[in-house]
Amino acid sequence: METTTIESAEVKAAVASLREKAPFVYGLTNYVAANLSANVLLALGAGPAIGSAPGWTGAFPAGAGAVWINGAALMSSVTPEALDEAAATAHRAGTPWVLDPVAIGAGANEYDAILGALLKHKPSIIRGNASEIAALAGGAGGSGVDSTLDSSEVIDIVKDLATRLDAVVAVSGEVDYLCDSAGRATAVRGGDARMPQVTGTGCSLGALSAAFCAVVDPFTAAAAAHAAFAAAGERAGRRASGTGSFAVAFVDELSDL
Amino acid sequence: METTTIESAEVKAAVASLREKAPFVYGLTNYVAANLSANVLLALGAGPAIGSAPGWTGAFPAGAGAVWINGAALMSSVTPEALDEAAATAHRAGTPWVLDPVAIGAGANEYDAILGALLKHKPSIIRGNASEIAALAGGAGGSGVDSTLDSSEVIDIVKDLATRLDAVVAVSGEVDYLCDSAGRATAVRGGDARMPQVTGTGCSLGALSAAFCAVVDPFTAAAAAHAAFAAAGERAGRRASGTGSFAVAFVDELSDL
Amino acid sequence: METTTIESAEVKAAVASLREKAPFVYGLTNYVAANLSANVLLALGAGPAIGSAPGWTGAFPAGAGAVWINGAALMSSVTPEALDEAAATAHRAGTPWVLDPVAIGAGANEYDAILGALLKHKPSIIRGNASEIAALAGGAGGSGVDSTLDSSEVIDIVKDLATRLDAVVAVSGEVDYLCDSAGRATAVRGGDARMPQVTGTGCSLGALSAAFCAVVDPFTAAAAAHAAFAAAGERAGRRASGTGSFAVAFVDELSDL
């Protein structure tokens, strides 16, 4: 499989375009990851707004350059109806949107059903860890928010799901794999073992994938986001002395890309 | 226009008084900015409590030294009624309170109307970026949470609004401008270009303006908060290597003021 | 009273066991402290999931190794019913759970009553500052979330409460005191004066106490969590230059334990 890195020409162009256009990107996400997600987007030049106050889900997805929806947004006052309205508004307005089905398949059936119902609004990108992607495809899930599968175990599921849903599907792990419905596929290597030890990195990857969607096509957007994370994680790992300083260095490295 | 800095006598006195009295300050804010806002207040000696659990909005504003209300609190379980109760309780108890109408004018009319209705409870200070202040005054707003106007473009609006609402009005930008209804006005210069690249800095400025209100008059409070932010931002900028380490250094510098 | 430190044999064993078993730990907490709480657990090897999306409170406490409930979770969409369901599910499933009655006794009677009603589900550990523990025992509380009492003033209350509720009760302060219903008691010294100046450290201590409950008995779990915090706080204090870098160094030191 082809490999994408931060040095790939299309990634360099996407990063430059994101900084130049500074798009408004709207997100519904959980409050554990919201702060890091916003800072990740700001580090690369995008202008994020997060959350669902009265009137927001019906208005902001139409004006935004892209939208991301993290399922665990349901743990704030974001109702299933608000989540649906945001996805529907984005789809109707032609705004690309990213679905991050965090913790799907971990045992909460009501939650899983709400996320599954969002697929009818045609997300441009779906991202998750191996357990989440497997669960979304109809298989068994993990426990909590951590994956009990390796990303390499679900490559075929990723390809099938991309075709079935006509979307880019990205699975993250030690190696990340990305496919679209036209058969394009790429792998992203790098990062650092401490990345999963910083809460919200996966969620922020969904947010950044959306931000890139505001300036390039979804496949390139997802590849650019994953390559940016891999590069920043690797560089941060070289100068961090623990998981606290790793998180700080990671945002520093994104802002220096 | 007169200029206020961290070296101004009234600012030095306000900082010393805040550390000495360590007031309890209550805030309703959004979960993206809540953590930074609390840490900013703690760095200067105040004791923050944030959020709306059952019974809090009717009780805490009366016992607090000051209150801040950030409109995007509506994205948590803070209902329009809870927001109104907090503002009304503060006003009735004589507790000074700060209104931060974040993202007003960005396209969500229902949200904008809820924030506008809070004005009847007489905030002591209103703060925002240029687009938000213009929208609150009845003009056009921006997109999302970022300003599409420069602070210098709204100086007249700031003066008018301060007179009309009998409140201190502060607009932040490359230069911050503050006016009160008695015609007092001051500018605050400094800060760092990375401040808007750290999520929640504006929201935290509203929180800190409230904290100072617990120990000095609202005009001095707002000036002290803006001057503290400008100084800490400038100093943090000298030793940061990206937006992640800038955020950490910014809180360090506030705690060292 | 006996003293527990990070060098105590049972603490070393508990830390090693936590890293080895990497249990899934489920928490309901407030959004101010959620990010730090998750990062503290990840730093020591546990896998946290936080919050209440549809179906979560009825499912996750049964599958988790331990649960923590921070009262201020009520400031998100966590209803009193969801809080009760999580505690009841944990109790029924035999999952140990920690109650952190943050801000109890600060003036919001409705809130206090909701937290008090959770005691029937038999928490394994109850932790708080001196004002909170005194309020839970039926005495006067503090203001906001900060304690107006010293931990040494409530030692007798801690002992009585532990016996009455058949739970480990831990009070944190300059010195931490822990008791169980069998008469075991220990003190934990150390930490740093900047710990209360970082928002969410107390809340994170409740989360970490729960994580240790997944691998050792509740008394040892609470002692290990408090000893880990004391050691990491002390070490972080030696290299921090303000409260911002203290928070980062604190997580680093936990991840290096």
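Note that the chains take the letters A, B and C in the order they are written out, and that residue 1 is the start of every chain.
Here is the rule we use: a residue touches a chain if its C-beta (ideal position, glycine included) is under 8 Å from a C-beta of that chain, and two chains touch if they have at least 3 such contacts.
If you want to know which protein each chain is, UniProt gives these names: A, B, C = Hydroxyethylthiazole kinase.
Since the structure is predicted, the reported quantities are computational estimates derived from the model, not experimental observations.
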Exercise. When chain B (Hydroxyethylthiazole kinase) touches chain C (Hydroxyethylthiazole kinase), do the two copies use mostly the same residue numbers, with over half shared, or different ones?
Worked result: different
Exercise. Hey, what angle do you get rotating chain A (Hydroxyethylthiazole kinase) onto chain C (Hydroxyethylthiazole kinase) on C-alpha, to the nearest 5 degrees?
Worked result: 120
Exercise. When the C-alpha atoms of chain B (Hydroxyethylthiazole kinase) and chain C (Hydroxyethylthiazole kinase) are each averaged to a single point, how far apart are the two points in Å?
Worked result: 32
Seminar exercise, completed: Flagged in chain A (Hydroxyethylthiazole kinase) as touching 2+ other chains are 31, 35, 76-78, 247-248
Exercise. Any idea which chain B (Hydroxyethylthiazole kinase) residues touch chain C (Hydroxyethylthiazole kinase) in the complex?
Worked result: 24, 26, 31, 34-35, 38-39, 42-43, 47-56, 58-60, 63-64, 76-78, 247-256
Seminar exercise, completed: In their shared complex, chain C (Hydroxyethylthiazole kinase) is touched by residues of chain A (Hydroxyethylthiazole kinase) numbered 30-33, 35-36, 71-72, 74-78, 80, 103, 106-112, 114, 143-146, 194, 196-200, 240-245, 247-248
